[in-house]
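In what comes next, subunit A is part of two complexes: it sits with subunit B in the first one and with subunit C in the second one.
Take a look at the complex of A and B:
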């Protein structure tokens, strides 16, 4: 027999009914010990957040109010000048447009393709494991290595146009025209990262009770009705999760742009995060670069907040 | 208290005036002796080479310097990747971790404008045996302001035209024996392309991105990127329009230059000609017969262009005096001759074909005389300005419209000026 001792927070039997004198009350009460344990558990993460998130954000706010000449070390307070520059920067509208097109393209394609692949591979057939591995494998490849290979493939005399010419198609010079360059960047990024969404959707699909599908079929529902009226609502929490991480990931995309197009041709693939890098670390406009970074941070926070609020309307089974 | 302050101020002013007067009256500046304690000075110099032979040479020069200078604890040569050199150096400076000395290319104008470099002229002139007058004026101009030198131009590599004579023979083409022009090169390049499928001429490192390398062409048309004072864009000049019309025709009409997105490496045998610095001769591996000649003549005649690198002392260094002393030693005539093994020197006394050929297995003395010695004294440098990265990016964004078959060359060049003029004006 196992004897379990439970520490009680009530006064033990036989103890004085009179309250103890304040000077004799133990400082480390059970409640305080619980609090301390909680704080100790979150301390490592808290230190990381403070050092690598809050302090840099605070510094970015400070730099955005200054003009910093890196070479001379002079820091001059300019107030809201960097924020006013946002309104007069002739390149910013093109950058924001490219950011919207790139992020929108990534999110729509990634979620649609990820869900489609998951539905197709959520069946039992010979070779299903091979195909799951095949579509997931690009996720573990280095972004830079992946993008470099795509850069070679997308050359005018590269592998993609070579393959197209075999079937009689004269392919475009993918990276030299704004439209095709954006398509190339989006597709290369989606092919690399769709596997992670596919796995998340697969996991969600396998959690949908098969009895519901059987019941719907007995009631005469077709495949499309079953998918849109039963499966999709049941996996909507996963759709929300993938939407958030895909949007945030798209807004943070940097290496793909830097390696594949360098933001060109023109400004057609210069997305906001790449523009922040250019301003801050190539042009040494730390103040304006910080202002742009804060604008990006605000966008990401607003989008996440918006999605979180919208979940009440389109995510089922939320508490 | 106020009286004491005034007396102190007057005394300080008197001493200052005395010092200035003495300075003005002196015949020549004297080198300043260090007062650092033995072993107390550690110097760090940022470089972008990772060539082991070059680094070994620097180490040997540093060892020789240390043996006569007990204040030096160590001299370290920090090799940074070339592709990220400016960004890394800038980040080091911003983070308060700047090196004491640094190589610099197009960052020099920004560093000079921000007073981030130590003036060198007095120190070098005062160093016994340094022979300041041996420096060529054409190579010091890029690193000088008001006759004050801020970085020693240790590398001055002219651009030359490399010729794959095997490909020309295969296509039944011959190069004019005397003074070929860009029109000749384009005609022969187009014929080689038509006959062999290989590229005609390639401007190395341009890759439809680094447009400043095209100065190796447009200078032949008498064009320049901006006015001498750097304040006004001149890309919209008639000479520049003609030069870019030539390049556009070469890419899209004559097919003598590979178009955008087409990879062609001369040194792998993919092209008949390339414009590259003489220092790239090390890439020739003997798989094809070659020649190296000066840049072709343009409508305005012969010209030469060089790419430069300098080395200077950062004024943020805690040991500017000791770093400047070491720089004077590193670049004195004796050590400059050693550096000339790898970098075309800025000293007239070292610029002879025979001397350069002693350390160059790829090119003959005659070739080096023609493409280096005869070119450097009258050369111009690639376009350089403060804010080089911003000008490069804004220019590239506008230039991208040039590289399509139906581009309006003149209109695009006008847009280039619109894009970069605000930066130039700043």
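Take a look at the complex of A and C:
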């Protein structure tokens, strides 16, 4: 994803490296053999991508122009009907809203918390490794196990409300009302995955030359000014990339929703991926499900394009 | 002189105070990161009637392993555990091989159409698995591979997580100095020999990053097993964890938590032992800007 330049380091040098090859004039010259090795090396990966990514995307486009006929058990061409359904589906606006709230909430919270933790832990003190380990540890807990435990704690009579009642607060039934259920899925997901962003930010922060900080401090800049004027611009490529990775990841969050809320209550936490799954596998609407899946793909593609464009424009520094 | 000393002492006091505030803030922030795991382990040891006790207690006075026994009798849990482990191991090994070959070629071997083909492979990173799952399900149905582990192994080892691995390996090999390879080539080593004997031994940091990312990706799969697998003895762990429900559909919380504990604790132990590799692997995975 980060590859904007795919320049070859070897190609220009490669030609002059084998001066003997052309004079021999054998068909399997060294460079031809090398080319063949190159193709053979990438073959397994290329087959995988073609067979399990490109062909399925092509098929999804085909399915989106069809509908499953229950009586004949076959696909029937319906042209643009599924695309017209996108406009009339009464559930879709609420699904898209939930998707925006969920992905937006996750990206904002995840970047803010990840950056905050990285700044707090980017210094030497006793216990810093302990805290880093601690904040990273949920990353290795499987998504489903993590989500199950949160579901358990969020029950009406569960641990969170139990703890709240001790300090005299009567907690809500978290998973039974739309707003609190959305907050619950966002928070549980951010806590599980923020460790990854924290590590990426930490390694970016360690790349910021300390002389810059010292120079600014001697010039009388406060900590906040140093952070916003110097550190943040310098690590902006990482922040941007991390934000895009996080939002693309949030767009694909299926297990968290399926296990914690099942899309409910009502449609309040039915995000696009979950809706795709429901349409395709629960209601057997293969055609409409594929149309929705292509919409998801379009969103992901647009975000990736946006990242490439922004990278060119406002990112301050690139190595 | 004296004022200097005072201000120095004051600054030191301010320093200590700030440190204390920092540690208190970190400890408060740490609560949601730690409590769920602790609570999970503690609750899995409680008798059923204590699980939703109010006010809540973290540790029980009468710990029991009944829920752990039940986890194995209610479902073929040992078998499911084995499934998850062997699938993740196979996927990781295949990915390491496929990705290091492809990553090496894209970084090091000049061949015609390299940039175009690399771009084609990168598309594999962009397409969410939820987009391809419907057609893939149809393809695997046609091939008679539904309700087997083949879709989980093939797609994971050759598509999305593997493309990420190829990318990581390429970034690593591109940064590797070429002199060693030149020397080996002059000694008459072919491409395969150079790749295996010269470049791969140097690629250990990248390979361990790839291994960790791939293992976690396979270990966490939920959508795919839910779609492809219907027999409980073929289930993987994430899927199995959600099936602990009694005849009325009510959740068997303590059994579920015991099973979850058994899947989480080994991973946490491995993580704590190998955390340096985990964290550095991620940081060096080429995922940063």
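Methods note: the second predicted complex is superposed on the first by the 271 of 319 C-alpha atoms of A that agree within 3 Å, B and C clash if a C-alpha of one lies under 4 Å from a C-alpha of the other, contacts with A are read in each partner's own complex, and residues count from 1 in each chain.
Convention: a contact is a pair of C-beta atoms (placed from the backbone, for glycine too) under 8 Å apart; a residue touches a chain by one contact, two chains touch by 3 or more.
Keep in mind that this is a model prediction, so the values were computed, not measured.
Legend: residue contacts after superposition of the two complexes on their common chain; A:276 is shown touching subunit C, with no touch to subunit B.
Of the two partner chains, neither subunit B nor subunit C is touched by A:216.
Contact with neither subunit B nor subunit C is seen for A:92 once the two complexes are overlaid on the shared chain.
After overlaying the two complexes on the shared chain, residue contacts for A:208 are found with neither subunit B nor subunit C.
In the overlay built on the shared chain, the residue A:175 is in contact with subunit B alone; subunit C does not reach it.
Within the superposed three-chain arrangement, the count of touched residues of subunit A is higher for C, of the candidates subunit B and subunit C.
When the two complexes are overlaid on their common chain A, residue A:267 makes contact with subunit B while staying clear of subunit C. When the two structures are aligned on the shared chain, A:304 is found in touch with subunit C, with no touch to subunit B. When the shared chain is aligned, subunit B comes close enough to touch A:284, but subunit C does not. When both complexes are overlaid on chain A, the residue A:244 reaches neither subunit B nor subunit C. Common to the subunit B and subunit C contact sets on subunit A are residues 155, 157-158, 281, 286. Residue ranges of subunit A in contact with subunit C, taken from their complex: 1-3, 6, 8-11, 14, 31, 33-35, 37-39, 41-42, 44-57, 59-60, 63, 117, 120-121, 125, 127, 131-146, 148-150, 152-153, 155, 157-159, 162-163, 165-166, 187, 191, 196, 199-200, 202-204, 235, 237-238, 240-241, 245, 248, 251-252, 254-255, 258-259, 273, 276-277, 280-281, 286, 289-290, 293-294, 296-297, 300-301, 304, 315, 318-319.
By the touch rule above, subunit A contacts subunit B in their complex via residues 68-73, 91, 154-158, 173-177, 262-267, 270, 278, 281-286. Taken in their complex, subunit B has these residues touching subunit A: 87, 90-91, 93-94, 110-111, 113-116, 208-209, 259-263, 316, 387, 389-390, 393-394, 396-398, 400-401, 403-404. On the subunit C side of its complex with subunit A, the touching residues are 19, 22-23, 25-26, 29-30, 32-37, 39-40, 43, 52, 54-56, 97-99, 101-102, 104-112, 114-115, 117-139, 154-155, 157-160, 162-163, 166-167, 174, 178, 190-192, 195, 216, 219-220, 222-223, 226-227, 237-239, 241-242, 253, 256-257, 260, 263-264, 267-268, 270-272, 275, 278-279, 282-284, 286-289.
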